[in-house]
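First chain written, first letter: the chains are A, B, C, D and E, and each begins at residue 1.
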Amino acid sequence: MGRGRLLYVPFWAAYAFLYLPIAVLVVMSFNSGDSAYTLDGFSLKWYGELAADERIRDGLVNTLIVATGSTAIATVLGTMLAVGLARHTRSKTLDAVALMPAVLPDLVLAIGLLVFYGVIQLTLGLYSVVLAHGLFAMAFVAAVVRTRLAGADTSLEEASRDLGAGPVATFMRITLPQLVPGIVAGALLAFTLSLDEFVIAYFTIGNSEQTLPIVIYSMIRFGVTPKINALAAILLLVSFTAVIAGQRLTRIGESRAQD
Amino acid sequence: MSRSRGRRLGAFVFLSPGLTYLLVLMLVPLVLVLGTSFFQRGRFGGVVYEFTTENFGRLVDPLYLGVLGDSVRIAVLTTLLALLIGYPTAYLIARLPRKWKTVALVAIVLPFWTNFIIRIYAWIMLLNGPGLVNSGLKLLGLGPYELLYNDGAIVVGLLYSYLPLMVLPLYAAIERLDPQLREASANLGASAFTTFRKVTLPLTVPGVLTGSLFVFVPSFGNFVIPEMLGGSKSIMVGNLIRNQFLKARDWPFGSTLALALIAVLVVLLVAQAWAARRG
Amino acid sequence: MLRIDGVTRRFGDVTALDAVSLEIEQGEFFALLGPSGCGKTTLLRIVAGFETPDAGSVTLDGDDLLAKPPNRRPISLMFQSYALFPHMTVAKNVAYGLERERLPRQEVKQRVEEVLETVGLTAHASRRPAQLSGGQRQRVALARSIVKRPRLLLLDEPLSALDKKVRADMQLELKRLQHEVGITFVVVTHDQEEAMSLADRIAVFDSGRVRQVDRPVELYERPRSPFVADFVGANNLFPGTVGGPADGDSGSAVLESDAFGPLPGTPPAELAAGARALLAVRPESVELVREEAAGSLRGSVLDVSFFGGVSHISVELPGRTKPVLVAVQGAGQVAAGAKVGVRWNARDAVIMAADE
Amino acid sequence: GGESSTSSAGANPAAADELKPNADLSKQTLQVTVWDGYIPKELPQMVKEKLKVQDLKIALHETNEIAMTKLTAPGDSGIDVAFVSGQYAQALNEMGLLEPIHPELIPNLANLYPEATQLSYDKGNKYSVPYTWGTTGICYRTDLVKAKPTSWNDILKPAPWAEKKVTMMTTERWLALPALKALGYSVNTDKDDEIAKAKDLLMAQKPHLLTYDDTTFGDKLVAGESVMAEAWDGWCPTTDPKGNIGFVVPKEGSDLWVDTMVIMKSSKNKEAAHALINYILDPEVHSWAAANINYKVPNKAAMERVKIPKGSLLGVKPADLLDGEAIIDLGQASTKFSRLSEEVTAG
Amino acid sequence: MLRIDGVTRRFGDVTALDAVSLEIEQGEFFALLGPSGCGKTTLLRIVAGFETPDAGSVTLDGDDLLAKPPNRRPISLMFQSYALFPHMTVAKNVAYGLERERLPRQEVKQRVEEVLETVGLTAHASRRPAQLSGGQRQRVALARSIVKRPRLLLLDEPLSALDKKVRADMQLELKRLQHEVGITFVVVTHDQEEAMSLADRIAVFDSGRVRQVDRPVELYERPRSPFVADFVGANNLFPGTVGGPADGDSGSAVLESDAFGPLPGTPPAELAAGARALLAVRPESVELVREEAAGSLRGSVLDVSFFGGVSHISVELPGRTKPVLVAVQGAGQVAAGAKVGVRWNARDAVIMAADE
């Protein structure tokens, strides 16, 4: 179809824009020199160094723990918050408050939490980062899901109540499935933001633990090294594989469900 | 009446976990920090607990107003560009067959599963004097241009960093649109563009507002990108706050600046909530 | 069983329901009839629990219904707009209500299969609503609410998208549910024939108010107001004043019509001679006769239209702006322009008080 | 604030704890915060073996500033020993957050150059022990400059061949340093008119700069994007294999920066903390820093062990370094430098 | 004018349209009639440009329609599910199409006001669709498509949610548009009476195929297949073989019925004696007579139901599983259980080839 083809220009431009620097980054991971900034020659040595670096490995594990944990909290609480705001209150103040953590400058939230944890004498650890990331991530999920609920037709929920479903069953079976695209988008956002968050993590993590961004930031005294590029390249490869595999799996699942 | 009781119970069930979390982990810490805006900096940093309103007086300073103006300009430009690219992208993702939707969506965020600093360095590589973009342009017989260390580079960096924050809420909003409405519009003689302007866009206003807020706010408050891609030649509101907290170690004034910024954001948030409720 | 008492509901400055009171018996098939926008849907939504009345009460067997949340009311509502769950297959949609009752899987499956069979959608069980035609969707909505066999079934225009044949099948099925399962029905329909043939009683609504509640034949033959007479079948109305008895027949009277002199009809007991009144006579009660026939009004044929089974002939009478409508079996035998006479029997025409 | 300046060098608001020289270190655990790569990777292992400390854990910080925030926040930061630059040590001490150094527990203090015990922010090492030191100068491409730089003015008012090929640091005290020195003022000035003059100079320079850069100026020189950069000696890539990078301390003079080790007042493991510092001052251990991170260490015995590679600046004599003026924290006046930096960068 | 040629559309394994060909004349009022799910909506959507056929062509005055985007086709479609713009008022919804033509504001305003007047929604002009009743929404959708006065109007069940009176008004309005403005109509309806009274020609669909295209009276009186006979009005069908002429009347014949011996009827020319055939006779053509009347089939009354105007009496005949349906004017005069006879005239019964 010829119609709408013009739309594909910004569409592909967006992906090109997003992946152009990624391509550069992957190329630089094969740099034989020390700089992530000037290409000297081809080498795999940084991948070797990467494999040997246990701090990066630990950091990666911690980051995944934090991102997964905070995304889980954020997805559950954020979705509930969005539904509550859309369906159970007319308060615009609450709408705004719920969005606050998403728009607060990182540094202010980070210092606030640092002070707060200090005042209540909380021993910091990974969980304190999970809580902190969960907070802003929740606001992102809530906002995205809220977007989907705005002005939505409530007759489906009514039909469900009418058929004998209580509020909980109605929420789980009717409201929630309708929200799935919003929840997926919100959760992706939450996960992505947590993965790469530095300031809040730095101030709320225990002294002996590090997330990957903390490791990387502390490593960049002279700028980035190709080792971190190698890391990025591997992360991309793994996530691409996971996504494609996931997609294959759901496809198989779907074709089964069709029978 | 039972309906309103049900409504209140629902409000409690759905809202209380999130709001409690918010109250404890955001509001309390925020009050702790922002409270210091009424105190004074210690000689060597830290806080001297003596009441003063002097910090608020320091806010009205042409220097800060200038920074504010620059920040607004840059953040607005970034937001508009993000909308311009993000909307069609989200729109097409929402129209993809189901099996490709998630893939396309994940592909939007995947670059961000690397590291912020690395991505910025990649942009430096692309944009600097002898960089890839200039080399490309040279093949076309153009350039070289000064692409780096200016406001344009800041906008590119911000756009790059926050595009997903535009695409994902838009996707969530567009995905639920009934395709028959677009059909009805086309049937009534509207071109694709008119249909977009008159039907699709108005019905996805909440998504546009959310996405715009998500892009505008962190752009406005960013301090790393102005330093790395803008070469610190111009700074944004985020730099000011960072400077006070980290460099000048003036928490009271840092808090005051943050308070001012938050006040601006709250106005935006309330406006957003108001507009989204109408949509 | 269901008692609706003084229920009022306003939307801004629209009064959708204005002090509506109705009493519906156990096992009854009750129809709501009325023009578009008169408040029928609003009433069903109040009974089902999705609107709160501004005033009035609704009780079911004496229990206050309004105090119960919708899911605790032993009532199924079929939505006018269907409200099918788009993410579920047809079978899942239909099974939803049964699953909420925690019935054993096997039973759910069986009942779903049965009802899909009934509505003729067995082959569509695993489709999504978006893959169905309009009438198929309506049948899914119907199946979803009848499969629960609730004590009270509220159906909002349940058959409006169906063709005559399927509709007849569905009507039979509803009657069967009423008789065999003992379900009480409140059905909104704009189709008078449907209301007439299915319902034990019919309530005619107008602008949020109940105008008449009666058994079909009574409603049809003895409308109590011009609105009802006009709404229930295209009536021919003649204004005038109540006159003396016609032809010495004690049950009948004449209407001293404004334009045509005395016309034969049957007045209700409460109308005094000389009161302003209207005479209503239905098209199928009007006889088309030769122009010169005795006791007939003279006019000329304006138009003949064929409705399949019946033809409608409109006859222009000098002194009347609206033509008189005559219904005859089969294709009409006269042509436009023919001079004809019309007449009717006194017992087929109703004389009623003119609307205030 | 109308506070009068009471800061006499070495003022020490914190009273010293009673420490037991023979405490059982195996009951103590140390938490250190330090820049990445600034101490040997094996240090925790070595310390555990040699000092019998129960454990040594390392937290990393990116900059002095971010470490300061964590250290000065209410509550216990959990840090025993922190590595921060001299003026930050001074500020921490002024805030009463540091434990005075117990010299009796650090016999290796004797290894320090005598000059390193008389640094202006902490005369007599009362609360800090220097770890590395160096200065700031102009790092440049020997093959691309038309004339070897000798003065801060070469970078402040670049010649046409250096137009838009010069970088400066923005970290506030180092942003002002070239201008202050070129004007003949102290880097520690708190006089408004002097700071204003420096600002004018910097504002005039801004249009001719490639960019401000605090971290990757070396890369830009190597890539040929810039030809001159304000740089810390240790970060100037003079050892680049192409051998075309030079470093000069301009004739107007420069600073002396020192990165130090301090012990937090809140530490519950002060004996172990002292033992750690003592261990680091061991020539064998301390020489690691010079050999591996290209920073001079203020430890005579250690410096003597280091083989100095070609092009390295490690050979600069302490006496030359000490021509530089040590940066001290200016208390309330330090906010003037924040302001200066904001005015220059926003302008 | 509109020419549909061999159009086929499949959804997965459902064939919604199977090589459909139709030709519709300029200014014609064409109705599509058929059971739920037979492909009517799909056909309209193809003509309007929202589905692409898998095969076949659609031309308008010789121009290939399929090559044009929907917004370039001079066609208005009224959607079965209305597809009203939820964020616009009623007036804005209706004005939408006119604004796209860049008509002067004043004219847009005037035409919107006129059409809202026509559909009786003047008072609702500034409401949003969500604040309307079902029938009101349908009228907005209708108004929105007719206000454009396109060359070709496609209406998908345009009046299904309306009561008899409003519906009659709307029908008149549609006829007026056809005659005065010269718009060509293709209307989907499941209401046969509506199709019969409005349409110039009717196409009867079944499972994606066109079964018969004819003028209403022909379709009604001369269905060409049992499906059409059965679908268009509840026909009484009797299987058998074609017999000789009846009573020496050359135009009529008998059907040698399987259960009742010879029955009078009219066969089409192409049916040879002895061929398998069906005789169809409509309820209103069946006469209810005394049991012993000559030439009648004997049975007993099973059920009498009143439809307002007409009563349907089902008569059980021994040897037939389905009762024979008889329609009489007014309330029925017999009671269930009565012994009666049924008979009909040869010219009122059609003999047709049995379905293959």
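Just so it is clear, a residue touches a chain if its C-beta (ideal position, glycine included) is under 8 Å from a C-beta of that chain, and two chains touch if they have at least 3 such contacts.
The model shown is predicted, which means the values in this text are computed figures rather than measured ones.
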| item | value |
| --- | --- |
| Contact-graph separation of chain D and chain E, given in steps at minimum | 2 |
| Co-neighbours of chain D and chain B - touch as defined | A |
| Farthest chain (mean CA position) relative to chain C | D |
| Busiest interface, counted in C-beta pairs | A-B |
| Between chain A and chain B, centroid-to-centroid distance (C-alpha), Å | 15 |
| Separation of mean Cα positions, chain D and chain A [Å, integer] | 37 |
| Cα-centroid distance, chain C relative to chain D, in whole angstrom | 92 |
| Centre-of-Cα separation between chain E and chain A, whole angstrom | 56 |
| Chain D, residues touching no fewer than two other chains | 66, 69, 223 |
| Sequence positions of chain C contacting 2 or more other chains | 49, 69, 81 |
| Contacts with two or more other chains, residues of chain B listed in rising order | 6, 192, 203, 245-246, 279 |
| Residue ranges of chain A touching chain B (in the complex, touch as defined) | 3-4, 7-11, 13-15, 17-22, 24-25, 28, 36-37, 77-78, 80-81, 83-85, 87-90, 92-109, 111-113, 115-116, 119, 131-132, 134-135, 138, 140, 142-148, 150-152, 167, 178, 181-182, 184-186, 188-189, 191-192, 195-196, 198, 212-213, 216-217, 220, 223-224, 228-229, 231-232, 235-236, 239-240, 243-244, 246-247, 250-251, 254 |
| Interface residues, chain A side, partner chain C - complex | 155-156, 158-167, 169-170, 173-174, 177-178, 258 |
| Footprint of chain A on chain C - complex, ascending | 48-50, 69-71, 75-77, 79, 81, 83-87, 96-97, 100-101, 126, 144-145, 148 |
| List of chain A residues in touch with chain D within their complex | 35, 37-38, 111, 114-115, 117-119, 121, 124, 202-203, 206-208, 210, 214-215, 217-223 |
| Complex contacts: residues of chain D adjacent to chain A | 31, 33, 35-37, 57-62, 66, 69-70, 73-79, 215-216, 218-219, 222-223, 235 |
